[in-house]
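Take a look at the structures listed below.
Below are two complexes that have chain A in common, paired first with chain B and then with chain C.
Moving on, here comes the complex of A and B:
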């Protein structure tokens, strides 16, 4: 698993294609959404969590679309499948690589969000970052599985969001709810069910992905 | 007596209603070099992909090294190398980095030394640190052979490995394959090129419409005689398309 992860990081450090795409799309999404709301309006604060998660998800879909493109060149995916490792391990390595790329993008996206939406810097931002991390793990778990399926189709750029986005709606809603509570630094007590939903989503889709990846990559 | 390297019994693979491979029986012993001929759509690549554990059979049994592929896929993959016209190499990594990655995946002992050794064997030391995307087709294919041989496979599956190579590169690849065979590696070569098959192999198998129509040692006939019987077999087997059925 570490060999695979190392290889994905090595290619990314050399090409910087995935991270630069994630940064750019996240920034553009936030920029456009920040202009949609009057800076003096309360609505801006209400909409801020949704805007942040839209940027996270859009950038994430782009990153996932790219994750198996490197494996398509020279049919490298077949080379991977020829290796004497469990195919579930290949899936887990890809999930971790996608998760790390998406999380790295948040290091830029979250501060830009704070700036564009006039969010007061507080400890709540650490909670927001952790919430995004929990959300991205589940997003990466289900997205990696669908990216492996979509990369073999002709309309892969369209296919991935079509398959993925309806499934991650619960994760998205839970993320927006928890972020909306964290930004004004309110108590988290009544957010527990949303957090449980996010963690449960992560666990379920990691297990499902690990079990079915073998069939997803087979013709 | 040693287990056959390949033992296929009633091996069938269907894609929808199309039987790409239809109840194939085939046994290949250790150290054999088998050329697999057949027209387009005969099921040659499907057979190779089944042997490489990239596909599951629809019916029948496939054993490699005496082990059932369905139950012990990861274990048999340790003993298989596949060289196709696709290199399976990451274009943004160098040959050294690509081979180092595959050596890690196969748990090859003495990784760095082994990578240097195979690069030297295929004459790629001078290109070892250039990205694969900058290599010519011939150099990339030599690197692909280094990848296939890296873990010292006992069975080397070759799917049209000479596609796109010039005369010199094809000659060098032939020499390397002959060396691998002389070292005890079992070869299964899928090709349309009768001359290459005759040059490298000791046994010829002909597939037509997913069925085995001829299986004989190459030494039993000259290339011209084989070509005549091959063409005859294609006509007798009906090479117009793959077999279909419910």
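Moving on, here comes the complex of A and C:
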């Protein structure tokens, strides 16, 4: 598994294609959403957590789409499947790789968000970053499974968001809720169920993905 | 299935569905008294609720069919899952249409972000993606497997989605089992009407499911025959 993970990371370090496109798309999404809300309005503060998560999700979908496109060119996926390891292991390696890419993009997206949306920089931001990390793990778990499928259908770029977005609604709602609480640096309090929900989502879909990935890559 | 059982299903199901549907229409429009508070618009409830329940049943059949297809193989499970998803999609659309018709005069708005509404909408979106997947991945084994994965993942996700949107906000009336333990149906005729229209929708679903799986089975058989003839 670590060899497979290292392969993906090494390719990325050499080309930096996925990361740069993730950064840019996240940044552009934040920019577009900044135009959507009047800078002087109070609504802006209310909308800020949602805007952040939209940027995270859009950038994430893009990254997931890329992750199997690379394997598809030159029949690399065939090579991967010939590896003497369990299909579930390939899945986990891919999930972790996608997770790390998306998380790395947040290192840029979150500060840009703070900058554009004039959010007070506080310790809450660390919490926001952690919340995003929890959300992205589940997002990557579901997304990797469906990216492997979508890449082999005819309308692959369109199919992934169509499949993925309805499924990750719980993560999105929970993420926005928790972020909305953390940004003004309020104590988490009654937000604990939301965090439990996100963690539960992560665990459930890591297991489901690990079990059914085999069927997604079979010829 | 034997041919006599087939013939029975072909003749009994549509006839029973027709009888039940006519009876349901009569009861909804003539027999049952109007709700005292909501007035005549409440009568749409007798279609809305059975449609919603049978929608869940249809998607449940899809989930079970998908799981069995992945686990055991066999195209009949895939045909069942696919047919049920198609019909479920139609029923779900009807739920989403009848709901707002009722909500507009009662809640004063077509749509609110209530838990059940949101869940139903997301359900609709998941199965819209399911059906789209079937068209873009073409016929055959691979497309069936991909759709089955979505069928299983979607079914696992629905309780989580429901929980999250429930916490998010909810105002939908719980008519059948209210929190106080009683039922919102004040007249025994209301319960009877609901039962009859539920039976009608259920029979309609069973008949459509039967037609769709049969036509898919025949299509597959035809495809096999063609393969044999061409292959020689």
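Throughout what follows, the second predicted complex is superposed on the first by the 219 of 219 C-alpha atoms of A that agree within 3 Å, B and C clash if a C-alpha of one lies under 4 Å from a C-alpha of the other, contacts with A are read in each partner's own complex, and residues count from 1 in each chain.
Please note the rule applied: a residue touches a chain if its C-beta (ideal position, glycine included) is under 8 Å from a C-beta of that chain, and two chains touch if they have at least 3 such contacts.
In this text, all values refer to a predicted model and were calculated from it rather than measured experimentally.
**Q** Which chain, chain B or chain C, is in touch with more residues of chain A?
**A** For chain A, the partner with the higher number of touched residues is C.
**Q** What is the contact status of A:162 with respect to chain B (first) and chain C (second): first, second, both, or neither?
**A** In the superposed model, A:162 contacts chain C only, not chain B.
**Q** In the overlaid three-chain picture, which partner chain does A:113 touch, first (chain B) or second (chain C), both, or neither?
**A** neither
**Q** May I ask you to decide whether A:193 touches chain B, chain C, both, or neither, giving the answer as first, second, both or neither?
**A** After superposing on A, A:193 lies in contact with chain C but is clear of chain B.
**Q** According to the stated criteria, A:23 is in contact with first (chain B), second (chain C), both, or neither; which is it?
**A** After superposing on A, A:23 lies clear of both chain B and chain C.
**Q** Touching A:3 in the superposition: chain B (first), chain C (second), both, neither?
**A** In the superposition, A:3 contacts chain B only.
**Q** With both complexes overlaid on chain A, does A:201 touch chain B (first), chain C (second), both or neither?
**A** Touch partner of A:201: chain C, not chain B.
**Q** Classify the contacts of A:149 with the two partner chains as first (chain B alone), second (chain C alone), both, or neither.
**A** Touch partner of A:149: chain C, not chain B.
**Q** Does chain B (first) or chain C (second) touch A:170, or do both, or does neither?
**A** Only chain C is touched by A:170; chain B is not.
**Q** Scan A:218 for contacts with chain B and chain C and give back first, second, both or neither.
**A** Both partners.
**Q** Need the overlap of the two footprints on chain A, from chain B and from chain C, as residue ranges.
**A** Touching chain B and chain C on chain A: residues 218-219.
**Q** Residue numbers of chain A touching chain B in their complex, please.
**A** Interface residues on chain A, with respect to chain B: 3-4, 6-7, 10-11, 14-15, 70, 73-76, 78-86, 218-219.
**Q** Would you tell me which residues of chain A are touching chain C in their complex?
**A** Its residues touching chain C are 142, 145-146, 149, 152-155, 159, 162-163, 165-167, 169-170, 173-174, 177, 193-194, 197, 200-201, 204-205, 208, 212, 215-216, 218-219.
**Q** Within their complex, state which residues of chain C touch chain A.
**A** So the residues of chain C touching chain A come out as 70, 122, 125-126, 128-129, 132-133, 136-138, 142-143, 145-146, 148-150, 152-154, 156-157, 160-161, 163-165, 167-168.
**Q** Considering only the defined contacts, which chain B positions touch chain A in the complex?
**A** Going by the criterion above, the answer is residues 52-56, 74-75, 77-78, 80, 82, 84, 86-93, 97, 101-102, 104-107, 132, 147.
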